[in-house]
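What follows is a group of structures, each given as C-alpha cells.
Note that chain A is present in both complexes that follow, paired respectively with chain B and with chain C.
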Partner chain A sequence: MSDSSSPTLAATQSQRPPFYRDAVVVKWLTQVATLLLVLAALFFLTTRAGQELAAKNISTGYEFLGVNPGLDLSEGIDTDPATGGRALWVGMVNTIRLAIAGIMAATALGVIVGVGRLSGNWIVSKLSSLYIELVRNVPLLVQIFLIFAVIAALPRAVEDQGPIHGWIHLSNKGLSVPRVFPGDGFYQWLVFLGIGAVVGRYVARRRRRSQELTGRDAYPVLWLLAVVAAFGMAGWWLHPVFGWLGPVFAVVADAVGAVPPGAVQAAISLGALAAAGWWIKRFVDSHRTPAGLAKLTDDDYFRMIFAGVGAGLVIVTVFVVWPGLASWVVNSGRDLFEVVSDKFGNGRSGPPIDGHRPDIQKLGNFPNYGPAGLNFTQGMAAVYFGVVLYTAAFIAEIVRGGILAVPRGQTEAAQAVGLRRVTMLRRVILPQAFRIIMPPLGNQYLNLTKNTSLAIAVGYSDLVQVGQTLFSQTGKSIEIFSIWMLFYLACSLSISAIVNFFNVRLRLVER
Partner chain B sequence: MADPHFGLERHDPEGFSLTAAVDSAPPDEPSLPVGEWLRKNLFSSPFNTVLTLVFTVVALAGLRGLLNFAFSEERNWDAVRVNLRLLFTQAYPEDQYIRVWVSVGIVVALSGLSLGLWARLSGVPVARVAMWSMTAGGLIALGVVLREPSAVSGPDGDPMRDAAGEVIRQSFGAAMGDRIWWWLAAAVLFGVGAGLWRGFEDERRRHTYVPTIPLVFGSLGVVVATLWLYRWGHYAFTGNEFVYEPDRTAALSTKLPWTVMWLLLMASWAAGRQGRGTPAEGRLKVLVNLAWLLSPFILFWVVLRDPAIDWAHVWSTDLPMAAGFVIGGGAVLYGLTRPGIGEVGRVIAVGLLAFAGFNWVAAFAGWYPMLQKARFGFLLLALAALLAPNFTGERAQRLRLVWGWAGAMTVVQYLVTMANTESTLNTPTSEFLGGFSVTLFVAVFTLIFSFPLGVLLALGRTSKLPIFRVLSTAYIEAMRGIPLITVLFFFANMLNLFLPQNMELGSVAAVTVGFSLFAAAYLAENVRGGLQAVGRSQYEASDAVGLTTVQRTMFIVLPQGLRVSIPPLVGQVISTFKETSLLAVIGIFDFLFLANRAIPSQSEFLGVKREGLLFVSIVYWIFAFSMSKYSQRLERRLGVGER
Partner chain C sequence: MTAADTAGGAAGADTGAHARADMIVCEGVSKWFGDFQALDGITATIAEREVVVVLGPSGSGKSTWIRCINHLEHHQEGRIVVDGVELTNDLRNIEQIRSEVGMVFQQFNLFPHLTVLGNITLAPIWVRKKPRREAEAAARALLERVGIPEQAEKYPGQLSGGQQQRVAIARALAMDPRVMLFDEPTSALDPEMIKEVLDVMKGLARSGMTMMVVTHEMGFAREVADRVVFMEEGQIVETGTPEHFFTSPAEDRTKQFLSQIL
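And then the complex of A and B:
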C-alpha cells in the first residue's frame, strides 16, 4: 500500500494488488507451473526411454502376451495356451493363492499370540513377547532364506516317513498335507447353500422379531445356521437336480456374446457421464443451505471440473485410445458365462467336496511328492511360512493394542451388570476392540500381499518372478512393470474396499 | 522415598542428579515372595496350570533344539568367523583398511560426544540388574543341562560314529564334567545377582540406581578385554588364503582398533560432558549435528573412496569455480538482503531461477556445455536468493546469511569435486563397498534423501491447493500400493533408460534412488499424521499475527507436526533398515547376499548356509531391536498422546 497518502476505506477495498501479488493468481500460477513441470519431466523421461529402447532394437507393446515365451512354470494351474499372458496369469493366481492362505493363517496365529501376550499366565505371555520381538526385528527376506535353508537341510523324501505317515510328510522336497478341493457337484451344491441362506435369513428375521416382541430368546443366528446346514446336507445328495443350469448359462453366454461392441461403448460412456453428473449434482446439493448455495472454493470447482474431465477421459479411452476394449468386455463376459456353464454341465455329479491324502511317487531316481496331496514345495513353503510368521507378529501387536485400548470402565461396567466373562468378551470388549483393530489389520493384509513378491528370492513362480523371467527374455521392461503395478494396485484397492466395508458396518453410530 | 540420600545419589562423584531417572521409572509393585508369585502368575487355576505345564515343555524343547543346533558338531561356525571381514566390508583392500577404522572412529567419536551432550543420565535399578544377572546364570545352567552330550571325537578330530552311522556321544556325567567352565560362569553370574538381591532390602533394591553409562562402558570394556585375554582364535581370509589359528587371541589388527575405539568412545563422552552446561553448549550441539549430517557424505566419498586428486584440474577449474560461487554468490545475496529492495529482489531471484532452469534445458538440447556442478551451483544460488527476503535487516544478519552460503557452498563444491574424482582403491568388484557397509550406505542415504521428499509430499497432501494435493496423493498411493521389490527391479534395470544421454548411475546408486522414492511415500504418511495433529488454532494464530504461508509452515506447523511424528518416523527408519536386505535379490553384494550365496560357494565352506544366515539375522536383530527400544523410550519421553 502507498504510505504517503491515507486512502479511504472504500478506496482501499476497490484497490486490487498487482497481479503478481494477487493470492489467487499466484496460487494457480504455481500449481499450473508445477503440473506443467511434472508433465514435461514425464514427457522427457518417456521420450528418452523410447529413444534408448529404439537404439537397443526393443519394440514397445504388449504383443509378447500372445507369444510362447518358452517358460517352464513348475507350480500353479496348468499353462495350457503356452503364452506370455497365460504365464503371467498363472503367476497372478499363485500370488493370490499365497496371499489368501497367508492372510487366514497369519490372522489365526496373530490373534492367538496377541491374546497370549495379554494372558495372566507368566510363561505364556513371556513366550508370546519373545516370539514377537524375535520375528518382528529380523528382515522378512532373511527369515525366508533361513526357512529355505532349513528345509533344504532336511532328510530326503523316502517312502514311509513323515511326521504322520500318509497324512503329513516333511522332507527336503517341502511339506505335503492332505488336500481338500471342490468336487464335481460343487457348484450345484453352492446353489443349494444359496437358497438355504435366503430361506435362513427369512426365518432368522422372523425369529428376531418374535424375540423383540416377547423378550424371550429365540436364537435367530442359530436358526440361520441350522437352516443353511439343513439345505447343505440335503444338497449333498440332491445337487444333480440343478444340472439344467448348465445349458441355461450357455444360452446366457451366447446372448452376451451377441451384444454389439458399439452398444457397450455407448453404455460405458453414458455410465461415465451419468456418474459424473450424479456426483456433481450431489456435491452441489450438499452445499445448499437454507440461505441459498454456499460459496464454492477453488477446491470445490476443481473437484467438479475433475469429475467432468474424468468422464471425458473415459469416453475418449473407449472410443479413441482403446476401441478394442468394448469387444474385450463382451468376450470376457461370454467366456465367464461359458466357464460357469461348463462347471454346471450335465453329467457332472459327485461329492461336492473331495479330498486326497498325500502320496509319494518315484519320479526318476528320487522319490518325490505325487500330485494327490497339497504340496508346499521348498520355495513355496519358505515364502508362505516366512510371510505368515512375520505378519502374525505384527497382527499380534495390533490385536493386543486394540484390546488394551478398550477403556477399563467398559470391563468394570460389564462386570457391574453381572455379565459372565465370555459374554463380556463377546458382547462388550471384542466388538469395541475390533473397531480399533480393523484399519491397521487391513494394512497388514496389504503388506502380506505385497510381501509375497519376495517369492522371487526363492524361485517360486509368483507374478513378480514370472514377470522378471519374461523381462529377461523379451526386454519388455515398462510393459511388465505396468502389469505388476496394475495387479498390485487392484489387490490394494480390493483389500481396502473389503476393510472399508467392515469399517462402515462397525462404525460407532454417534447421536 | 524414605531417605533421599541413599544409594549412588550420595556417592556420585560428579554430582549427577538422578531424580530424572526416578521420575521416569515405571511404578513397580513390591516384589512378592517366590511361592506367592508362582501361585499368582502360573498356577492360579487348573486351566492356567495346564497352560504353564504345556508351555514350559514347549519352551524347554525349543531351547534344547536351538542349543543342539548351535553347538552341534556338524555346525561350521568357522564359515562365519573366517568371513567376518568379508561380511562387513567385502573386498575392501587390506593395505587401505585404516580408512575403514578411521570411519568407524569418526562415528564412534560423534556418538560419544552426542551421548555426553544430550543423554540424560539414567540408571538401572539394582533389582533389575540382580534379576538380569540371576536370569543369565540360570539360563546358562539350564542350557548346560539341556544340551545333549557332545560327540566323542576320534583321532582325526572328527566325531566318531557307530556302525549305523550315528554319532557316539559322551555319557551324561562326563558331559556335565566337561562343561565345568560353563557351570562356573553360571554360578558366578547367579551368585552376583543373588548377592545384590540379598544385599538390599526391598525398597532400596528398587530405588537404588546403577548409572547406565558406566555400566555400558564397563561391559564394552570387558568385551574388548577378552579380545586381549581370551583365545578366540585368529580366523581370517587374507588375500586368497584362509587363516585358521585356533589357539591364540584375536589378531592385532582386530584388537588394537577396537581398544582404540573403546578409549575414543569414553574420551569423547567425557569431552561432551565437559561441554555441557558451558556457554558454548548450544554452539557445540549445532556443530555436532552438522557433523552428523555431513559425516555420511564425507565418510563415503572422501575417506572410504580415497579419491586421487588431480591437482592441475583443481587449480585450473575447481578452485576458481568454487571461489566464484562463494564470493559472487555471497555478493549477490548480500545485495539482495538490502532493506527496502522490495520487489526488485524477488524479480532478480526469479530471474536467477529461470536462468538455473534454462541451464538444464540447454543441456538437454545441447546448446552450450557447462559443468554439472555449475548448474547445481546456480540452482542453489537461485533458491537461496528466493529465501533472501526473509533475512533482510541489519548488516550482521545479512553477513550471517552470506557466511552460511559460503560455508555450504564450500562443502558442496568440495564434496562434488571429490565424488567426481576417480578412486584409487583397486578392488576386484566395481563397487568399493560390500557386505554390511553397503547395507548401511543404502539405509543412511535413503533416509537422508527420503526425508525432505517425504515432508514435501506430506505438505502437498495436506495442502488446500488441489493440484498439489492430487499429485502428491497419487504418488503416495501408487508407491504404497506396489511391492518394494518391483520398484527396485525397475530402478536397477531401467533407470538408465530414462536418464539423459551420457549420464549413468551405478547399480547401488540407482537402487538407492529407488529406495528413497519408495520410502518417501511411507514417510509422507507418517509426517501427515503429525501435521494433522497440529491444532486449528495454531493456523488461526499464525494467520492473526500475519505470517505468510511459507513462514507458517516453516516456523509453526512443521516443528510441532514433526515432533508428534518422531516415533512413527523411527519405526519407518527400522523398516527401511530391514528392507535393505532386498538388495540381495537384485544381485548387489550386500550383507545377506554374502551370507546366502557367497560363503556357501567358497570351496572350504560349500553349502554352509544356515550359520551365516543366523549370524546375519542376529546382527539385523540387534540393530532393529535397539532402535525399537529407543523409539519406545522416545515416545514415553515426548509424552505423545498424553497432552
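And then the complex of A and C:
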C-alpha cells in the first residue's frame, strides 16, 4: 500500500502551480494591492482637496484655534472666549454637561417607566404605555421645538420674583435654581472621603466575614456608609490639615516641567514598540497548539506586520511629523499639576461645598438670570428635556424587554423555594435581566450624546453650534469637521468602554 | 362525590395500622382560568410519608392541582391545609408553606447565573439565614445524595438534563421540606436520563418523604406509589393502590386511559 502510493504523493508535491494560481501568493498580492489602493486614494483625496482649497484661496491649518474669534457664547464656563480653541472647548464642556446629566436622568426615568409598564397597577401601567407611545413616535426635533415654545410662552423674568421667592425662578428665560458647587476646601475634603472609603472597605469586609461565620446580619454596607459619613463630617472642619499637599504638587509640577522633550519622545516610542511587541507575543501565544507550535495563517502574519507598522508610524509622528507634541505633553502635564497644586493651596480653608441662591440682574433692557444660580436657559432646557424624555421612552422599553426575557419558570422556582419578592428580584430576576439590558442601554447612551447636537436648532452653545459659528467666521470647514468628528468619536468610544466594562463584569459574576 | 369517598377510604385503609398524621388536606378545591374550569371540587387527603402518583390525560388539571398546593396557582374555592397550616391570603402562611414544600419542575428552572452550589444554597442563605459555610456543606452532602458531588462548581448550562433535574431536586431538599411535589419531572428528559432521576426519587420515597408526583412513568407508579390518583377534567375519577388501579380499575374512563398508554 504505502510502497505504491508514496512515489505519486511525492510527485504531486513537487508540482508547483503558476504564481497566479498559488493560493498563498494570490492572497498576499491582493492584500498588498488593497492596502496600496486605500493609501493612494487617501493621498489623492488630501492632495486634491489641498489644491482645490489653494486654488480658491482658502488656507488650511489649525491656526484659528489660537486667534481671538471675537464671538460671544450664550452660556458656558466662559462666555467671552479669548481664542477659537477656547470657544470650542466651552462648546465641548456644554455638550458633555448635557450628555452626562441627560444620561443619568434618562436612565432613572426610563427604569421607572419600564418597571411601571409591567406593574400590576392598571393606571400606572397605562400611563407608562401612553408616555412611551407618545414620545417614541414624535421626532426629537419636533419635541425640542415644542419644549422651546412652551418655555417661550412663560411670563417674563421679573426682578426678585419667582414661584418660590428667591429660590426658584421660572420664566421665558428658562429655569434658575440654587447652585451647589465645590467650595474652597473641596479637594482636601475629598482626601478625607478617600481615606474614609479605604477604612470603610476594611470594616465592611470584616463585617461581611462575621456575617458568613455567624449567619447573623452584620450590615456591611451600612457600616461602610457610616464610616465614610463619619470621615466626611470630620473632614468638613479638619480639611485644612491637608493644605501641605499643595506645595507637594507644586514640586511635582516643577519636576514634570523640567523633563526634556527628548525623553518624552523616547518614552512614547518605547511605549509604542512595547505595545506592538506585547500584542504580537500575545497573538502568537494564543495561536499555539498544545504541542507548543505556532500555527499562523497569512492573515495572521499581516496582522503582526500591521502592528509593527503602527508602532513605526507612531515613532515617525513623534520625531518627524509633529516634534512639538513632546513639549506639548510636558507643558500640559506641568499645567495640570499646577492646577491641582492651586486647588490644594494652603490658603483654602473655606467649606468644601458651597451654594448660592439664584439672582436676577438687569444689565440691558430686560432682566435676566445672573451667574449665582444654576441656570437652565431656554435653549438648554429644551434640548435637555427633549433628549431625556425621548431617550427615557426607549430605555423604558429596553428595561421592560429585559425583565420579560427572564423566563417565567425562574420566578416560579424562586417562589417555590420560598424567596421573598425583593430577594427574588435582587438575586434571581435582575441579574439575568441586566445581562440582556446592558448592550442596548449603551446604544441609547450613544444616541443621547449624539442627539445633543440638535442644540443648534435652539441656539444652545454646544460644540456643533460653536463650531458652526467659528466656521462661518473663519471658513475652516475641514478643520472644524475633523474636530467635531474626533470629539463625538471620543465620546462614543468612552461610553462604549464604560458599558463594556460593566458588561464583562456582569458576565464574570454570572458565568 | 364517589371520587371523594374513594380518596378518603383509601387513605383510611392505608393509614389504619400506623395512624399517620394528615400532611395535605384538600376540600372541594376549584379553580378557573377564565371560563375554563381547571379544578372541579378536588377533595383528597395525603398522609405523612405517603407517596401519591397523579395520573391523567393532558389538560386534566394534574399540574394545576399540585401547583395550588404551594400557591404557584391560587385556588378560588375550597380549602387547602398543608401540615396544619391553611393556605389563605395571609402572606405569612404562604411563606411558611412554601418553605416546607419542595417543588421540582418539568423544565428544571435552575438559575442559570448561579453555580450548582449557588442554586442550592440561595434559599437556605436568604430565607433560612444559614451561614454560607454551613449551607455549602449541606449542599455538598445533598449533591452526594443525588449522585453528582463533582458538579458543585459548574453552571447549569454545563450539565446534562438528568444532572440538572437532580440538582433541582437537591435545591428543593436544601430547605428541609416536609413534602416534595414533582411536576412531570422526567418529561423533558432523554430516555437514558430518566432512570437516573427516577432512582433519586425512589431513594427519596424509601427515606420516608411525603411525595406527590405527576408523571407518565407507569413503572415508577407501580413500584413506588402507595396510592394512584386518576384525574380527568379537573375531577378525581378514581383512586387506589397500584395493584388495584392497574389490574382491576373500577371506572370505564380509567380502563380506557390505561388501554391507551399500556
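Everything that follows uses one rule, which is that the second predicted complex is superposed on the first by the 455 of 511 C-alpha atoms of A that agree within 3 Å, B and C clash if a C-alpha of one lies under 4 Å from a C-alpha of the other, contacts with A are read in each partner's own complex, and residues count from 1 in each chain.
The definition used in the following text is that a contact is a pair of C-beta atoms (placed from the backbone, for glycine too) under 8 Å apart; a residue touches a chain by one contact, two chains touch by 3 or more.
Keep in mind that this is a model prediction, so the values were computed, not measured.
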Item checked: First, second, both or neither for A:Gln415, with chain B first and chain C second -> second
Checklist line | Touching partner for A:Val428 - first (chain B), second (chain C), both, neither | finding: second
Checklist line | Partner chain in contact with A:Leu45 - chain B first, chain C second, else both or neither | finding: first
Check: Between chain B (first) and chain C (second), which does A:Glu212 come into contact with in this model arrangement: first, second, both, or neither?
Finding: second
Margin query: Just to be sure I read the superposition right, which of the two partners does A:Val124 touch: chain B = first, chain C = second, or both, or neither?
Written below: first
Next item on the list: Classify the contacts of A:Thr34 with the two partner chains as first (chain B alone), second (chain C alone), both, or neither.
Entry: first
Item checked: First, second, both or neither for A:Val504, with chain B first and chain C second -> neither
Note to self: Can you give me the overlap between the chain B contact set and the chain C contact set on chain A?
What the structure shows: none
Next item on the list: Name, in rising order, each residue of chain B that touches chain A in their complex.
Entry: 41-42, 44, 48, 51-52, 55-56, 58-59, 343, 364, 464-468, 470-471, 478, 480-486, 489-490, 493-494, 496-501, 574, 578-582, 584-585, 592, 596, 609-610, 613-614, 616-617, 620-621, 624-625, 628
Item checked: Complex contacts: residues of chain A adjacent to chain C -> 211-217, 407, 409-410, 412-420, 423, 427-428, 431-432, 435, 509-511
Next item on the list: Under the touch definition given earlier, write down the residues of chain A that touch chain B in their complex.
Entry: 20, 27, 30-32, 34-35, 38, 44-46, 48-49, 52-53, 119-124, 127, 133-134, 136-143, 145-146, 149-150, 152-153, 298-299, 302-303, 306, 450-451, 453-454, 456-457, 464, 467-468, 471, 477-478, 481, 484-485, 488-489, 491-493
Check: Tell me, which parts of chain C touch chain A in their complex?
Finding: 70-72, 95, 98-99, 101-103, 105, 107, 109-114, 122-123, 126-127, 129-134, 155, 168, 171-172, 174-175
